[in-house]
Structure formats: structure tokens, C-alpha cells
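I am attaching a structure below and will ask some questions about it afterwards.
By letter and in written order, the chains are A, B and C; residue numbering begins at 1 in each of them.
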């Protein structure tokens, strides 16, 4: 009974808590974070319930107010949206659990605003994933974007400027998307995705439809940080506070990538997308440039969060490249990488946050051997996440690369294959560099007088350690269980 | 008794020892005891698989699907058991030797050393028992990761640079292996190790086959030390001698040539190799490696580096034997895996004993040490004569088969290469023996033989070399196994 | 050719506004002017939507007692208008957030010039 309403319930949970948090927060400030955790926890539970229901009964099309499309707005819960929903809500849940102590340290006194905005942002993301209406997507896009601009600005000194630049570029992107929607509406008279996808094959030669496609891809590409529209990402992720980075980095760009999947594979379908000129291939080329660019820039960074930001640009490239391949293995690889990267990046940002919390900085050139003794669990999680990012089996990261490799071979796309291999090696460089610094004495440093007595175990508290540890263990589990996940993903390939 | 669980247990035994080793870091004797116990259990487990292997049967264990349609599976076939016996048997000797070496040299970080060693052996047995390329890749990468802490053991600048070089070579190799496996999977739909190859009747254009072969060769050639991919091996001599002994004479490099043999016999198949002329490439590369490595060995004054280049040369004996594509040649190559292992490990053990005992590493410093360390140098003489191919040591036996195999295939050049190389071997080993026995030494007055922990394993491995030369089937039926494997690759049938 | 321009003057106007907005966003150094450019950019899209809702001899989308609702050609298309009400609200919210950020930037750095800010942050 409740199952049919689950799509709406998931989104409404966030609305409810976005209202409850200010209410209770004005009464007792300490309640904000637990309420946020409760809200995202409930949403995760509902997402899981909905996913199980989907596996048993199939997709749900939820009509708001009972109005039939194309007049009414609907939420579509199918395999793809269900999968993404589960991923983003679980990661958000863990990120919000983590946020307690770093939040107290980094934005004391602004917790109420922070957690309420976090709820609104998650509402925006969930809405974007679930909605079946193009304009409704724009509305949720802007809801999530505005909340994320505000969340990013709550940070250290340059944060508002980074947020401002993100605002300008992000709003421009959203507006371009809206213009594309306008073009499509002019030609088809409907805004409903399923309805429109039935009409578009008849309009394949219409130049305004092609322009609409390009506008939408560019507009959403800004939010997905596809090269060359990624410029906002490094500053925003670096200067944002630790909880913001942990929350936004794993989720934000993935949802935008999901939208690109919807537009290119579901709304238009791959034949239409490539009908006039090979758009998917061009997108793939840009993705590859982004992969290499991100990896190279990451090597050049000395600050860990900035390195992780450039690494994110690179990893999103993998996902977009998988999309551009438009074959079952590429699709499965890309979506598996959505899951893997969300978990890995969240774990890595948590580790950076732990180091900032304890040491006051996350500057790689200052890492030293004492970290191995002071923060053993943090560094162990880092090793797991790093090995997974490089793509060594049997951890999760290997399998998404394996399927992407199979996808590129299916398309005989040898350049993309070479890009995957080269970038994995580049990843190894910037991750193993940190492992070297932390696990081994610096051979060039002068012999310090033995300070072993001062260095002892000082790892972070459970609220910060458990989400990070759960994610690290999760990487191992996903690696071993990936056959089940991939079979599911291959099954929902839309052709 | 159902043997199918044994391969898995053999792999897991040393992994189970790792936490025990880590927790006994304060009590060295207990810690070392765990290593010895694990080694003995592992060896006995592998021995229980021997009777089946001698009859030509394999013990299979299908664990679970690690990717849809691709199982994580073990298959203890005759070739795998052969390799596993060598690796696990020699580990026991290396463990005793390590105790003597590490304590004699006062090495730090012994816990990390013994724990990494245990993981390496797990990985090596896993490589031996892998049923398909994907399982193989998992253990191959595990071996890379587990050997890294051993290479950078003393954490000096030289060791860390060697470690970086090692990682660069082996990670690239691993990625190329992933790409090559994916391509094979794409064209044939399977990546199981099958005697006679996986191609069956599938024909590919010559260029495609060539590219796939070169990719594979680059991937496995790194660990097998085929020039020009051998660069990491001399650098890795920065590691402690037991590491060089076991890993770079037995585990890592033998995994490489094991992989070459699997590639030639079990993936491509001897018919396909001959049909496309792929073995000619291998013969040329192996032949040049043999000659070049022997020549470079002449120029080395550092004893371990001379032994390193000698290893590079002798690994290519095995590759050459495999590349000849004749039953006798294949047998000779496989026999040389065991022969070189016992002889080279003896030589490395001796080098380590000399270092720990006399603190000497350069050959020009080794005048007259035979008077002080008679047993050690006696074993060294046995090992080096065997490598030069002087009967009755097992090095002669495998070389004899290599020459026979080359004649069987009407090829004269490999015979010439082998004979020249034998002479070169004499050329670079004899000066060492001459110095040690016939020249007067300085500063040796107060020294005696090395610790029994080191000398006893040295004597045992040297004696084994002689015994295996006289009775090739002694204890483990190595010769029968080699013939069995070789026959199976040419008739194209089971096992 | 002339017809191409005069027949679509609404779209040309929208396009020129779009370009003005983009010019402001990209080339103006002062952050407030960038925000103004952004606002113009958003308004041009609103204008586009409203223009596609227009019909000859049609009246505004408020029910007129004299014109029956079924007589569709006498009423402008209401859907783009409703969409644009939402979009205008979104635009206002964006401006609000933008100005809050500008206030924060000014409080921290004392300038609203992009060049100076980039130098101060490095």
C-alpha cells in the first residue's frame, strides 16, 4: 500500500525535515544534526524499501494530484532512478553522521542554517532523480544548486568567492538547459519525458531539436563538471567546509551525470542523439580530455582537498565516457562507477577532513610518518580507498574500469582504452605519493631525535571514524558483490 | 576425501598467519614460529594435491561469480601444482634463512617484512592455482602490492626509488594485462586457461592477433624480465637478500614466466602461436635477452647485481624453451623453472650470508673468503656450475632438454645461443670462485662461517640442486609433471 | 532574407539580450555587474518562453466572461506563462543568494573586483 507512494514520500521526507530543523533548532541548537541524520536515514530506508519493491513489482509512475501526464507532473521510479536514489541517499546519510564534529569545529553557530540547507539540497537532488517532467527537473536543479551555493560558502575565507563563481557558472548552465527545454516544448507541446521520447523520433531533422539537445547537454554538463565546464569545481570543493565537501562532492556531479544519461539515452535515445552529428562521440572525447587533465592537475597539487577535487573531475570523465559508449558494458561500467566513486570520494574527503580536524591542515608536503602511528584507522581507510581509485582488484574500483574497458573494446575505441590505462597509472602516482609519505620515514630528512614517546594513537572519534570505516569496508564488499550489481545494471540498459 | 577445498586453503593459510604475525610483533620468536608453521602447513597442503597432478588430473574449485559470467575460480592443474610445490617448498627454507639474516643484520621493521612475505606467498599460490585470467589478475596485482613493502624495506632513498620503479613497471604491466584479457574476452567469450588455447576455431586478422600478443607480452614480460622490460629487476636488488632470493628468484619472476607459459600454452595455444608466427617474436626477444643479460652481468661488480642480470638471462631460458613450441623444449623450459629456482636461491642465500657475516657486497672484495666460509662458498660453487650447465646439477638437465627441443624443431640458433650463454655463465661466475678460493683475503682473521640459520638452508638447496640433477623425479616427480604438462599443450586435450 | 529577420524579430531580440547577458558575465570585472549580466541572461530566456506563447489576436490568460474557454485561439498559451512565473521566482532567489555572497565577499576582502580578489586569494 505504502509502496506506491514511496517516490513522493522519499522527497517529502526531506521537505519535512527541512522545516523541522529550523523549528527545533531555534529551540535547541544541538538537535539540528541529529534531526538531519534522522531525516536522511529515513529517506535512505525508504529508498531501500522502494528499491526492493522495484525488484519485485517493477517501475512506479507516481502522478501528483492524480493529474495524468502530459498535464500533470509525475515522478518516475524505474531501475535507473532507483539505483541512483539509493546511492545518493546512503552516501548523504553517512556524510551527515560524519558532519557532527567537523561541523562544530568549522561553522560553530551556523549549524541550523547548515543542516536545513543540507536537507533542501538533498530534496533538490532526489527530485532531480525522480522527476519525469523536464521543467520540474529545472526547478529541482535550481533548488539543489542554490542550496549547494550556500553550503559551499559556509567555509573558510575564500569560500564565498568560490561559491559565487559556482553560482554564476551554474546558473548560466541551468538557464541554458531551460532554453533547451523551451525549444523542445515549442516543437512537441509537452514537457513529460516519456511522452516526449515517443514524439522525438519524428522530429529528427528539426534543427531546433538538435540545438535543444546541445543546449541541454552543455547546460547539465556545467553541473556535471564535464571538461571544459569544470572550472568551478576545484575552488568550490577546496574552500568549502569539510562536511560540505563530503556531502556535495560524492553526490552533486553524479546526479547531473544521471540527467545526462536520461537525456541522451532515454529521452532522445542513442540513434537520435547521433542522428545529425556524432554528439555522443564528441562528449566522449571531452570526457577523455577531462580524465587526463584532471589526473595531471591532481598530481601537481600539494593540498589534499584540491587534489581530490581534480581527481573528481577525472573520475566524472570516466562516467561520461561510459555514457558516450552507449553499449551495455559501458553503461554498466559508468553506473557502477557512479556507485564506486561516490563511496570512494566520500571516504577520501572524510579522511582529509579527519586530518584537518586533528592536524589543522591537509597539506600533503607536511604529511609525515607519525600519521601511521597517530591515525592508523584513517590511514588504513586511505590505503583501501587509494587502491580502489587506482583500480586494483578485488576492490570496487577495478570492476568499473573492467567494464569500461570491455565497453571501449566493444566499440573498437582504442583511444578511449588507452586513456583509461594511462589515467589509472596517473592515479597511482598521486595516491601512492601520499602512502609513501605516511608509511615510510622520509629518507632525506635529518635524523630526528627519537620522539617516539610523544607520538601515540590519536585517531578520530567514532562519529567521524565509523562512516569512513563503513565506506572503506563497503568498497571491499562492492568489489566482491559486483556481479550482482552489474547483472542488475545490464538488465536496465534501455535498448 | 574431497580435495577441492585444498587449493583455497593453501592460499588462505598464510593470509591467516598475517594477523597472527602482526599481533606477535613484540615477541620475535613467536612471530617467526607463525611463519614457519604457516609455511609447513601450506607445503603439506600443496603436497596432498601432488598425487592427482601426477596422474594428470586437476582439482577445481569454483568460488563465486566475480563478474557476470566470469567466475573467481581455482584450478590446481599439473602445471599449477608444479609451481606451487616449488614456491611453497622454497618458502620454508627462505623463512629459516630470513630469521638468520634479519637478526644477523639487525634489520628493523621485521614484522612488516614477515607479514608481507606471508601475503606474497598467498598471492603466488593464488597465481599458480588461478583458473582464468580474471582470477589471475587479482592475485597478480596482490603480489605487486605485497612485494612493494619488501622492496622498500630499508626505506633509504635508493630503496624508495627502486620501489617506485618497481611499481611503475608492474602496475603498467597489470593494466596492460587487464586490457589484453578484455580483448581476448571480447573476441572469444572466455578467459579460462585451457590447454591448447581459447581460440578454438576463431580466426582473427593477423594484425589484431599481433597487437593482442604484444599487449600480453608487454604485460607478462615485465615480471618475466624479458628485455627491455627488465629494468625493475636490478633496481629491486636494493631489497634485503632474502627478498631477492625468494621473490626475485622464485616468486615474482617465476610468476612472470609462469604467466608466459600460461599465455603461450593455455590462452593462445601452440597451434595459434605457430600459425601466426608469434613464437618467432618470443624466440628473438628471449635469445637477445639471454645474450645481453649475460654480457651485462660481466660488467657488474656488485654481487647481487651480477646475480640479478644472471636471473634475467636464465628467465629467458625458460621463455625460449616455451617459445620453441616443441614438446622437448617445453619440458626443458618447465624443468628450468625448478632448476633455476633452487640454484639461484642458493646463490642469493650465499650473497646474503657474505653480507651479514663479512659486510661485503662487491666481488672485488671477495678474495679468499672460501677459507673463512667454506660451506657457503661450496654451495655457491655448486649453484654457479649448475647455472652454467655443468652436470650432474639440475641446471644441466633442463639445458639439455632445451637443446634437444631446439633440435627437435630444426632450429640451430637457439642451440648456439644456449651454448654461448653457458660459456658466458662460466665467464662471470668463475672469477668469483677463483677469487674466493685462490686469492689471498684481507681482514678476514676474526670471521667464521655464517649463522646456522643461513648455512643450513644454503646447504639444503645446493644439495637439492645436485639431487634433482641426478634424479629428476626425486620426491616430487618434477620431470613427470613437466612432461605431462608439455604433452597436454601439444595434443590439445585435457588436463 | 529580409523576411528571415523581420519575421522572427522576437527571437533576434531574445538572442541579443542573451548575448548582452553573456557579455556581462564573462567580460565584466566587477562582481555586481556579473550578477546584472546573469539577470539579463535569465530574463532573455523568460522572454523567449513568453514569446512562444503568443498568438495573433489573442488576449491574456485570464478568463474573460465574454470569451468561452473552449475558444482556444483567443487566449494565449498559459503553460509557458506559468512556467515562467516559476522561473522568475527562481531568478529572484538566485539574485538573493548572489547578493548575500557578495556581501560576505565584501566583508572579508573589502573589494568586489574580480582581479583584485583573485590576487588576494592566492
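Methods note: a contact is a pair of C-beta atoms (placed from the backbone, for glycine too) under 8 Å apart; a residue touches a chain by one contact, two chains touch by 3 or more.
Quick caveat: nothing in here was measured; it's all calculated off a predicted structure.
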item	value
Chain contact graph, described as a line, ring, star, complete graph or other shape	line
Centre-most chain [mean C-alpha coordinates]	A
Distance between the centres, which are taken as Cα means, of chain C and chain A, whole angstrom	29
Whole-Å gap between the CA centroids of chain A and chain B	44
Chain B and chain C: spacing of chain centres that average the CA atoms, whole Å	71
Chain B to chain A touching residues, read off their complex	64-68, 70, 72, 134, 137-138, 141, 144-145, 152, 155-157, 159-160, 164, 167-168, 171-172, 174-176, 178-179, 182-183, 185-186
List of chain C residues in touch with chain A within their complex	22, 25, 31, 34-35, 38, 41-42, 45, 48-49, 52, 79-80, 83, 86-87, 90, 93-94, 97-98, 100-102, 104-105, 108-109, 117, 121
Of all residues in chain A, those that touch chain C in their complex	135, 138-139, 142, 146, 149-150, 153, 157-158, 160-161, 163-164, 167-168, 171-172, 175, 178-179, 182, 185-186
In the complex, chain A residues that touch chain B	387, 390-394, 399, 401-403, 405-406, 409-410, 417, 421, 424-425, 428, 432, 436, 440-441, 443-444, 480, 482-483, 486-487, 490
